[in-house]
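Okay, so chain A shows up in both of these, paired with chain B first and chain C after.
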Partner chain A sequence: MIPELGGIKFTPDRPACTFSIPFANSDLRDTKFTPGQEKFLSETKKSITFPIDIEPESFEIQQATPQRFTISTLLDDRLLLQMPLEVEIERENETYIAKCGVFEEFGYGDDPMTSVIDLQQTLAELYWTLKEEQNRLGPYLIKIWNRLQEVILER
Partner chain B sequence: MEPVTGSYPREMTIKAKDFDHIVEKLQLKIRDSHDRLAWFEYEGRLILRTRRSHKKGELPFQHSIRQQLKLNEDEFRKAVKCCLSRDEYVEILKRKGYL
Partner chain C sequence: MAIREEGTGKDTLVGIFDRVISKEFPIDQNMTIYFRLANVIGHYEFRIDYVQVRTDKILFQARFERDFPEIFCEYSFRLRPPMVPIPEPGQYEFRLWANGHYVGRRRFIAEKMPKKGGLL
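Showing the complex of A and B:
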């Protein structure tokens, strides 16, 4: 059974899929959101479609931040993500920070989307830099490079 | 490798100029991209990386910067105050298994 919340459908068998938030949809208007959920939906620019997924296990959006997502692209046409990456959104003052724990990398921005986009760009940039420098990486960055190679494919 | 642990006082903030002081003191190598990227090199090898935005003022993601530099709270505070030398930083990284 596909879990659904206010018109947002989650597909556990396709964790890398995109979703949209149909604010014009009448069934959404009937949905009661918590203040945190309202804030989150408002901050994600209301009616948009974007390549970020709420974790299939998260059947309810509990609060605005932190919020877990997965990303399925890196916004670099030369790179493919072989599996979705988990991202956690945190807020510090007016800035949103998107963190990818597996690579100990982060992105930031004035809203959640911008922070995720920044993270995607940063990961792509990290990939190319470590590839270029792969012959002189220290032990920690070798581990990061190996993880990147497990997850990212060049087209 | 030793994890970077401990509770972090979120109210502590650092500014872009503090980041630049750390970069200078620890002799990180800078490359400007969509952000200011800073790499710690030792004996010709790239060891760690971090970054900051080009904007001036407070950096709200100092917690992430600290983690990327593999420093605990006290060590990071010392670095922000420019009291952490490169040699001391090297010793810290050796002790934690990053060198």
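Showing the complex of A and C:
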């Protein structure tokens, strides 16, 4: 499965003690559920918190954005990626371009990850547009639409 | 700061920010990183890169692994890195990778506090 990010925040804090309580709902972990209860749980969802303390370590400064990598989300809460999509980052003058070769789509931005966000939004828009127009698509776009359905799942 | 209520296990985030203002740079900032994941099952290797956007350099990196036995869960993470360096005013971001796949980022801006006394 490909994880999706529910939310990421950072807050100023004191470097104090270590958290030590690993599971928030450990009393539910060994419980057997009926299909109806499973459905209820899938809709309400339990929540488990992992506390992690990072130890300082020496680190060699390196380039942050690889030229090629894979993305696991489309930033559209209605859509899930069933498999990672490969993205290639290029730079033209001051603009970064994120390219998804499978769908021949591009995202643009002032920095690498902003171009990736633009690409993620572009792919989501492409999905919804082709879905709406699926009965009027030509052969090329039908091919793209079929490929999109293999990769993207609606919630 | 992430505060956890023992009875319910719910987390409360206090002092969320997206901007750091300082009289001088470089500085080191204490912070907690909090994020939630859904749709995960099995074993995952995570990496968080702390990146200076202007230079696209990793200033700090954290790696950790976790097993997720249940898919009908949302998993929260609280990370306490050591002092987070902010070498100069500008944009910085945390990038989350899972099993080598990019998941998402959050960015904050570091600004120099303007001098008092108004315009010359």
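Note that the second predicted complex is superposed on the first by the 89 of 155 C-alpha atoms of A that agree within 3 Å, B and C clash if a C-alpha of one lies under 4 Å from a C-alpha of the other, contacts with A are read in each partner's own complex, and residues count from 1 in each chain.
Throughout what follows, a residue touches a chain if its C-beta (ideal position, glycine included) is under 8 Å from a C-beta of that chain, and two chains touch if they have at least 3 such contacts.
Just so we're clear, the structure is a prediction, and the values are computed from it rather than from any experiment.
Visitor: Go through the superposed model and pick first if A:Pro84 touches only chain B, second if only chain C, both, or neither.
Guide: second
Visitor: Pick one for A:Glu133: touches chain B only (first), chain C only (second), both, or neither.
Guide: first
Visitor: Is A:Asp76 in contact with chain B, with chain C, with both, or with neither (first, second, both, neither)?
Guide: So A:Asp76 meets neither chain B nor chain C here.
Visitor: Kindly classify A:Val116 by the partners it touches after superposition: chain B alone (first), chain C alone (second), both, or neither?
Guide: Only chain C is touched by A:Val116; chain B is not.
Visitor: Of chain B and chain C, which one touches more of chain A's residues?
Guide: After superposing on chain A, more of chain A is contacted by C.
Visitor: Is A:Tyr108 touching anything from chain B or chain C once the two structures are fitted on A? First, second, both or neither.
Guide: A:Tyr108 sits against chain B, while chain C stays out of touch.
Visitor: Sort out for me which residues of chain A touch chain C in the complex.
Guide: 1-15, 19, 21, 24-25, 29, 38, 41-42, 45-56, 59, 61-65, 69-73, 75, 80, 84, 87, 111-113, 116
Visitor: If you look only at chain B, which of its residues touch chain A in the complex?
Guide: 1, 10, 33-35, 37, 42, 44-49, 51, 53, 58, 60-61, 63-64, 67-68, 70, 97-99
Visitor: Contact residues on chain A for chain B in the complex?
Guide: So the residues of chain A in touch with chain B come to 92-95, 97, 99, 104, 106, 108, 118, 121-122, 125-126, 129, 133, 136-141.
Visitor: Sort out for me which residues of chain C touch chain A in the complex.
Guide: So the residues of chain C touching chain A come out as 1-2, 4, 6, 9-11, 13-17, 29-42, 44, 49, 51-53, 56-62, 64, 66, 69-83, 91, 93-96, 98, 100-106, 108.
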